[in-house]
């Protein structure tokens, strides 16, 4: 059995990574690779790895609505509109933008826009039952029957996988998330801050203390944890996210408690790997994959746990996770078309 | 149908890349991942992407001989010995080292050692019929029935794919090959010249004018071309080779002649892609793949053709090409377990 | 006026950076460039930028004692011995290792060795008056008359410059220091973890939660701050450190309080630059310099301040700071031979 | 004695590097740092290393004409106009663009524009005597009395320093120059081809076979050499050029002849260093400097010499060389404000 799928926003890194994955997927036939501003131009001009992909398609909502599944990889503005239109038409949608991840009120707070469709805001208590925040390790059952999946952001994915199983062990209001990302996270549009000669040999923070992913993490990590400090940084590498999170532990919590909580959460998960104590995740170990590598160390001197979590921002942090959700929605093997072995070295 | 295979020399980059590929191969079951000096140690200590690979196996020739196929990814010294032993035992062997690529006399000239088994020297006119230099695009039929495949070196693969279809159009004694490689080509053993702080932001030539791959290129490009100038360089990147080759054209040869010769050679090849005139190959477009991207431009001012050819040195230049030959030897689809879409960006 | 100086440990990155700086210093004549294991070999074999430096000298304590000033850039073991010998002989010493930075008891705790000379342990209350922890911005007067300067570590320098002026505004036991360093911080000795093909495109934590610099930071930041969480990370770049520090603020502390405290501390300092709010330090802006760039942002949601601090680990974090102290000790212009303009891009 | 100087085009990499060098120059007072499109904006927004440089000045020709010396670091279009205006006003000019390097006819051929002022075209036989192509090692005397210096391009500088002393030993029509540059050579304007995520881990050729620097090299290497093949490549590094040049030797020319020719040319030159046979130039050894490192090896098998030459494209290839010429024009020590020790590692 196979389905027909399309990508909208294929001129961005997330969209192109979706194309790379779907060309190798045995049960998803990629029939449309659309990019509004580049329609008619060769895909290979932007993505020299996709030499056989032909030209970008135009974005034609009616034709998209006839597909079995549409991946939206545009900015959240176009996704709000097109996602709603396709949902209303009954077409399955997986959206990689922030359009549908929060509640309407959180969306207003962090994105400074009124949400046009609170019924499609997955973080809203009044959202429709088939609208789901799609982090498979925590929402697998809901994804199975979803019509619209809001696929998580890259930083939230790495953070939530690392902290969610441990959150009940934390003192409230003590979580600090120091996040580091390769430059593809900033998108394909050239600008001063992405120039090779600027980035190479350079390391810097940006966007603190009010990066929009802060709200997404807080929404899905849960109110009991309290507000978090979140500082993203730009690493001179193309792909990869590593987050280093700190939290003060409730009295009596030990390394074993932490390790057990992670193992219980992930021992049967195909994409999450908890490293042995003393090992640290490497972003390059998960490059090109849908995997997440985790470690958590308790520091008795400060009574804090230090959690490190590595993913590929374009893989588990974007396109890979979207394909994982697609597999679940379509009843395919959840690992179809995905790998856990990074392109190392 | 599936076969059982083993890797010897899995602690090197070529061997580990073979493991990465074979774990995703539907018809080759990787049962042995051997590394003499690391036997019993976790593979993931050296290769953090292979977290589920268990421990390195010891090198046990008798057990290896019972497999259907053994990939040798050791230096040429151990390969000479083990390759001969396995061949004599009737086990199929694909060797990634230089042990069996040349004639005995060329081996003596370039490697300063007497070849112990001229009958297994694929470049020798007296070699056994089932011993083959394994560049599939040129030796496919012979590989089908081979028992021992000498898999080509990384620089020779990139160079031969670019120049072989054009060689009859060249004036003799005019070929210059300026070659550039990522650092994984130098092997996993740490040394001063591979230290990140040395390599980053650095570019240098090395090994000229007598790099050993010169002899391999000359042997397989053919005597008529004459001796070539070959200068390798180290690029601050992990993977990838780009060669830029120059040759003076015989009178009257045009851009169309060049383009036609390449198209005729490769239009039905799944792994070789000739770019449109004006485009240049990018190493990152083929990262992690078994693909080769080519371009060739005629310069009327100098009457030279400039050929550029990009491969992944660990892919088409090593492990990928070995798997391609294995597929041919075993009667599998030649593209099984291999991709042409690079991990870009 | 000029003095004669020598470097011991010139085969390491810190020693070689000292040589680079001192060859351009108008008042310090570099007469000895010693490296025990490389004596007699050309400096340029290890450091291709120092093509005119001749051969490494042997380490001869008696000859060193006749110099006006000796820079020790060895590991702390040899420095403990040679530093004491030169101090006893009356020769001025600036030591770049950890040998003399802590108290004897802290040294035992963090370095697992009994300190052989507590009178030379700058962090000890019983240390001699002319033995000084040499962070010029805080200890300038003492350096003027010092005989033995324990030059601070790279991570402590970046952290202390960022946090010391603010420490009285912090709630106790709330400081988290998330530190990132280029690979030159790990030294010139090749090993698996420094291989270009491993580091490029990779980001990882290491050494947490018990990296030795934790003790040095706690000693000099002061007991009132309480124990800190310190997690170092390896960035795929050659040079540079950025630390991101978090602390909960005492009630009522505002952005203005923070900004004022930093401006008061540094407005007359030639090497420390406080960026305008909203700007973040870039490591590349200080590459090759003795400068430190700082920013501090208050986050009202969490009541924390986020401090980012960038230095060149080999500059202000090692050789540059040592030269700055040498200038102070010798009565030279404090900026002699040093720059604040980084090699960007 | 000191002079007042200005930079026009300071928002580009060449202009900013000039500023970096001139802030450390004891006899050149930098009074104007002009950039047309960025006038009034902080320099540090574009160049975070120049935190104390204030705002960009507007480009005001009349005020510039009152300076002792103006460096033009704009594209060749504005330089043609402003250079002529300042020359006519009697102000000394050093132009870093291609505006005045060729003859009028070569300019038409390679830049497809009629040259507005053949009397200022340094490559023209009818150029004024005080208009000079400013490669100091070959044109030092003429620079001393020059009013307008056309400072050489980056690729031509590296190539001419490597080949000029040897050119009489070459067979005609045999020179191939394979050139590699860091990305700063492409300028500061962001575009798809300069994006970090595109460049990192990538290597590619571009612009062949008709890059404009071909004409400049041929003009100054001399007609007897014949047309050359010139292929530039983009290296994933910020700074640095390495050229690898091949030429067939006239009968009987030996390694000694080659070595002698280079030593004779450069033994008294402060910025050119000929490496010992067997060593190869490293771009990082000259990062941030005005130095050039050279090697030349004769290959008896092919009767070719292989010359490798490394410079910093922004140093000896642009701003450094301009300052060197300024020193000569102004009667200062030729090495004032310049270094030969690269920022390594």
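Order of writing sets the labels: A, B, C and D. Residues in every chain begin at 1.
Note that in this section contacts are C-beta pairs under 8 Å (C-beta built on N, C-alpha and C of every residue); 3 or more make two chains touch, one makes a residue touch a chain.
None of these values were measured; they are calculated from a predicted model.
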item	value
Farthest chain relative to chain B (centres taken as mean CA coordinates)	C
Interface with more contacting C-beta pairs, comparing A-B to B-D	B-D
Distance from the mean Cα position of chain D to that of chain B, given in whole angstrom	39
Separation of mean Cα positions, chain D and chain A [Å, integer]	46
CA centroid of chain A to CA centroid of chain B, Å	36
Sites on chain A at which at least two other chains make contact	13, 182, 184, 188, 195, 197-198, 200-201, 236-239, 282, 284, 287, 345
Footprint of chain C on chain B - complex, ascending	13, 46, 182-184, 188, 190-192, 194-201, 236-239
Footprint of chain D on chain C - complex, ascending	13, 16, 20, 23-24, 47-52, 184, 188, 200-201, 238-239, 273, 275, 282, 284-288, 293, 339-345
Contact footprint of chain A on chain C as seen in their complex	173, 176, 178, 180, 182, 195, 197-198, 200-206, 208-210, 227-229, 231, 233, 235-240, 242, 244, 246, 280-284, 287, 297, 299, 301-302, 304, 306, 308, 310, 345
